[in-house]
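By letter and in written order, the chains are A, B, C, D and E; residue numbering begins at 1 in each of them.
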Amino acid sequence: MSFEVRPGQFFGIIGANGAGKTTLLNLITGYAPPSSGTIEFEGEPIHGLPPYRIAHRGIGRTFQITQPFAEMSVRDNVMTGALFSRNGARRSLKEARAMSEEPLRLVGLTDQADVPAGALTLGGKKKLELARVLATEPKLILLDEVMGGLTWGEIEDLMSTLRRIHAAGATIVMIEHVVHVIVDLCDHVFVLNFGRELFRGTPQDVITHPEVIEAYLGKPIAAGADA
Amino acid sequence: MNMRYVSVSLWVAGLLLALLTPVFGSPTMVDITFRTCSLVVLAVSWNLMASAGLISLGHSAFFGLGGYAAILATNSAGTPFWLSLLGSLVAGAILGLGLALITGKMRGIYFAITTLAVSEGLRVIAVMLPDLTGGAKGAYLAPDNFPGAFTVNMAMGIAAVGTCLIAWAISRSRYHFAFRAMRANEGASQMLGIYPLKYRAAITAISGSVASLAGAVEVWHGGYIDPALAFDLHITITSQIAPILGGIYTLSGPVLGAVATTLIGDATRIGLGHIEGASLLVFGLILVGCVLYLPQGIRGGIAQFLDRRSKRSASTPMPADAGQR
Amino acid sequence: MDLIPQAFSDAVLLAGLYTLMAVGLSLGFGVVRIINFAHGEMIMLGAYGAFWLFTLFGVDPLISLPALIVVGYVVGWLLFKGFIAKVLDAPHINQILLTFGLGLAIQHIAIILWTGNARSATPVYATSSFLIGDVLVVHGRLVAFAVAVVMVAALIAWLRWSETGLATRAVAENRAAATLMGVDVRRIYALSFGVSCALGVATGVVVSFILTITPFMGFPMLVKAIAIVILGGLGSIPGTVIGALVLAFAETFASYYLPEGSGWAEGIAFVLIIGILILRPRGILGEAVET
Amino acid sequence: MTPLLELSNVRAGYGHSLVLQDISMSLHEGEIVCLLGANGAGKTTTTRVISGLLAAGSGEVRFAGNNIAAVPAHRRVDLGICLAPEGRQVFPNFTVHQNLLIGSYSKTARQRRAEKFEQVYGLFPRLAERRAQKAGLMSGGEQQMLAIGRALMGCPRVLILDEPSLGLAPKIIIDVYETVAAIAKLGLSILFVEQNVQAALMIAHRGYVIANGRIAASGTTAELQSTSLVQEAFLGTKTGTGRAPPGPARLSAH
Amino acid sequence: MRYPSNLLFLAGLAVALGAAPASAQEPLKIGAPVSTSGRYVAYGAQAKNGIETAVEVWKKVRGDKVAGRPIEVLFRDTQSNNAITVSLMNAFIQTDKVNIIIGPDGSNVAAAAVPPWKKLDDRPIWFMPGGSSDVIEKEVGPDPYFFHTYAWSYYYHENNVNALKALGTKKKVALLYSDGAYGRAHIEDARKYVKEAGFDLVADELVREGSADYGPTLAKIRVRRPDILYVLVQTNDAIQLTKQIHAARLNIPYLVGTAQTQLREWQEATGESQVCWTGVTTWVPGLNYPADKKEPKLFPSAADWEKMWFEKYKTSPDFLEVGYYATTILALLAVEATQSTDRERLKEWLEKQDYQTPLGDSRFKKSRVALHQAFGTMVVFQRQKQPDGSITSVLVYPEQVATGKLKPCTQ
């Protein structure tokens, strides 16, 4: 499989369960090594690098199953992002604290900044992950199903947040199940099925493409089904 | 409310107690303070590693190594007191670094067992190289320049205060963020740019060096060392009983726990010393009781108590999500 | 004289004993996910039980074995219900401390009841032996080996073919799925903790006539058992057997062929553990169970 | 007639996050009902609440007219609620036969074990062939068959299948659904969770569409097929910003 | 040695005033560090029995007081732990201001007790009826207030080897020692005496303390075909080792043990395997020491004392129990005789006294390094099977006390 993301793009990846989306992110971020092929970022190969070095290059990601540092406060979670990223080493706690204000505000967690992260709702945790990634000042943000399990209201919320982040100049790759989110947000969509590319194009192309609809809603069962 | 005021004054009181008892205290007080300070060092050291998600079952490795380093340096090269302590600090740091390197990505019980194996391995070395260590019959410290009991007691006080200061400094530094993140989720922490091995090595080195220091001062205090007791699992266990009893992952917990452990230990030993087996039986039962009924430690217990009282007085409404599990 | 056959025979017999020593711990961990630091004290209690029955009533340890196994099961079950069940969701370290505290208490109860004097049961077979060619085999060790084989085989058979054994394995492999089969996970926990303690007691019975019995005999055995369980991979019974074999062979051959080897043997075991954990961070057969 | 299984206003979640906001649904004797919805919508959580693996925070779960909130998960198997969980969850180190054996661990099931073996091996000849094989070494489709067979061994009155098609190739999915249809003929009630809408609607009598922890739509198969509501819930084709969250849409009363 | 002059003055004053009423109320404090928990608990229990019995007998014979003062024994648990022992010694001397210290028991805690005691200028008289390790003696040095009332490790081997010389020195000897404190403390002197006596040392093997299997070591010894197997391990190891040696059928004519052979623990736990083992000890049941002429009630004959003990505890005493008994009585006699607790006066009296105790002559002599050493008279005995099937200790060395001859084992 091959694809490329250009600076400033809002790139969506969709595909049914088990299509290999999360594996793709794990490959990019160094949690799993590719068995063959190359991954390049800003023209340099990054495959085989450990995750922390990939983070230092300016790639940030969220996890499908949220992984907040539960016993730390929300702000401390975000500060951790600010402290250990590319430029984090030269940052004082005070600066990091100041830096964490903006991401917290963007995702709307300022009011809950001193709550332990474990006490947040699922939506809160997803927002926290986003804020944490933003604090690392990434050039490229990889989002793994940030909408999963959120209420409609939360989804709308998060969507406008993402729009703002994108507008601020970030390149975003997002994996999503909630297709309308992809349709609304992305300028490019990539459809995966069983570990292979099924289709790519603009959102409108995708949702009207028969093969995609089939992959999503399933093929009608023809042979021998008797119901 | 003024909890902060209370805790600051408690810290100051503890600090003064540690440093002034050797000057003004009665022999009993000096003795209890010495042992408490020793345990404070070990407990804080253990808690530092635990805070980064590294549970040690072999803290006696550092303690014993420190003791042997001090006695070897002094007996073979006539190293003076303070310099021998420095040597132990370095030895402990090196062992800590080595531990971080060999354990690599090991976590949880596997890390714990490796530390246990390191401690047992060092014990075997100490037993099997009698020409170097004195072997199982032990060795006496033979200083040409014994600095006096006062200096040794003071050194342990300084070590305890210093260890607490290190822990405090870490709690106010970026390291604190890295350690907590690693403890919560070493995998996810990497995506924020944290290189786990680096911080692992840092914390095991710091933790190991101060634990070694405790072992070194103990040797100067007792003047004798032997492998069975230098690498005794009991040391490991008390250095984790204390933080868990007091409140794990906190600054004050290990200190509170060390005081409580020493006092309970002394009370049962003196109160029940005339009945064979009774003192450690009671100690064991107290330990069980604490795990069962004070899972958050003394600190957590106090917090809960205060919380409940303030809740009762303010009668805060139940949180909205009370219906969930 | 060629010592290899003798070394081989010694190592195999020792491995049997080591397997029995560790298999209960392994079961307890595999199912309940708790390393029972009081397991050594179960061994100690078994040894005292066999010793007293032998000394006071002349009951041969092999005859008292079944009854003591039942007692061990009951003690384990009670310990689970009284203590362990309350910390199932607590952090690992709290569980370790709880069982350590229990062990300390049991040790000192033994001192109060039976003093700290060293003892050992003296049935005739404990010190008789026979020769196969040049290889000397001590009856007592052979008996211990046989008991170990029978017990481990019984355990494996029980786990493989009995309804409850199957349920126990199911719980070890996947708690939630086992619940969906109608298995009462808590009951299986209590049961397997009981069986684990019963195996500890059985170990005590067979060492009662080989080794010295003191209230403190348990702890070194526990450390060794942990080493074996880790070597083999936590919770895997075949892994435990392999771990015991590796340790017994390493120790025995080191004792035979290295200068002062007997003294270094234990150190070799710990180096082995560290080495294996570096190469295979979950032990030799450590895939089956996650921690 | 009271439904065999009924959920009313169930809320549930993990820790502080509420996954099921408000679920009400029912299953009648002999019915096949499918539960549709996108990933993370709360389908699996619903099956966990029904099987007792997860306690409902509020609301009622009634089985054969009785509230079973206090019945622990392992006792629900005795009542006849059997779940083939998401991701199959067979015991990998057990043989096929042992997996089935443990499936009939509950008291009621144990008495009818021989009969059940015959039934399951009849339904799944493949499992009979591979009875001595370790389950972990089998293909995904075979494991799915085993998971279903294992649930059947528990003498269910309600068989719950959580995404039986997950990760399977299309051809195998057809096999699986053929089998489900065959099982339905045995007369038990089936509740199954699906993402594959087309496949699900082929065999179900009725369906619920779940979205974000709420029932977004429900109706008979024909009704669900004929409307765009399902597609909408999945693909969100009819989106607009600032739109109010869609409430449960009832297409028909029955 | 420097003593504070005011202390000497006070001591002089106390003597001048005799048993002054003020000090009469002050109890005599005996500090007794005993290991009543931890791995030396068996020793601790014996130490405690010995001291308690001594005080009891004293009270029966002489009344409740010593030198007009009530007796107070401060039993403190060392928990078999170095650090605790250090703090106990400090507390005894600095806080409790005990007049006399007796103990501790296990060799490691005894070793740990030396530096804190030595460090303090106002250290009281210290009796040590336990530790035998030569490192302790070297560390204590020629200290005037230290009274070792037990045999040093090298006494064992001097006596043991002397007893073996009767067999002729053409014999081949195999040494077996543990890597534990006991083995390490004994091996050097054992080697020395064996070599000096001209024996042929054919094997010198180390075993691990607490090992579950001595098979490898025994197999290596077997091929050397020694005439004498000389074993240096502590009691716990000795029990399992003795059984394994029996089972291994080594066909070695002489099995030589050290202290453990006398212990009833070892005898009870080894059963038939104990036959033919020799031991070397300061005390063995059946010693024919007479009662003391001056104090026949405090120091009855060995046989009478043994009987008294058996009536009280229903078992025969072990050497630590006799040692602690004799030591405690000696300490009380010293206080009574000098009517003082001044260490100078006590020391002077102790250096001069001479009693016939159940443990032998109480005179203090110089040892290799230390100034005061008593109760070091050792006997060698062999566990022999009698015609009636019982196994008893037969004294074989020295000749004055011998009740039989050293016999080779017949296996």
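What we mean here is this: contacts are C-beta pairs under 8 Å (C-beta built on N, C-alpha and C of every residue); 3 or more make two chains touch, one makes a residue touch a chain.
Computed from a predicted model, the values in this text were never measured in an experiment.
Counted as hops between touching chains, the shortest connection from chain B to chain C is 1. For chain D, the chain with the farthest CA centroid is E. Counting C-beta pairs in contact, the pair that comes out ahead of the other among C-D and A-D is A-D.
Rounded to whole angstrom units, the spacing between the C-alpha centres of chain B and chain D is 52.
Taking each chain's centre as the mean of its C-alpha atoms, chain C lies 37 Å from chain E.
For this pair, chain A with chain E, the centres built from the Cα atoms lie 76 Å apart. Within chain E, residues 37, 41, 44-45, 179 each touch two or more of the remaining chains. Multi-chain contact residues of chain D (touching two or more other chains): 13, 15-16, 18. In chain A, the residues that touch at least two other chains are 121.
Every residue of chain E that touches chain C in the complex is listed here, in rising order: 37, 39-42, 44-45, 179, 205-208, 210-217, 219-220, 223, 235-237, 239-240, 243-244, 246-249, 265-266, 268-273.
The touching residues of chain B, counted against chain E in their complex, run 26-28, 31, 34-35, 38, 127-128, 130, 134-141, 149, 218, 221-226, 228-229, 232, 234, 269-270, 272-280. The touching residues of chain E, when paired with chain B in their complex, are 34, 36-38, 41, 44-45, 48, 75-77, 79, 81-84, 86-87, 90-91, 94-95, 107-108, 111-112, 114-116, 119, 133, 135, 139, 179-181, 183-185, 209.
Only residues 50, 55, 57, 102-106, 108-110, 113-114, 116-118, 120-121, 124-125, 127-128, 233, 237, 240-241, 244, 248, 275-278, 280-281, 283-288, 291-292, 295 of chain B touch chain C when the two sit together in their complex. Residues 51-53, 72-75, 77-78, 82-83, 85, 89-94, 98, 101-103, 105-107, 109-110, 150-151, 154 of chain D are the ones that touch chain C when the two sit in their complex.
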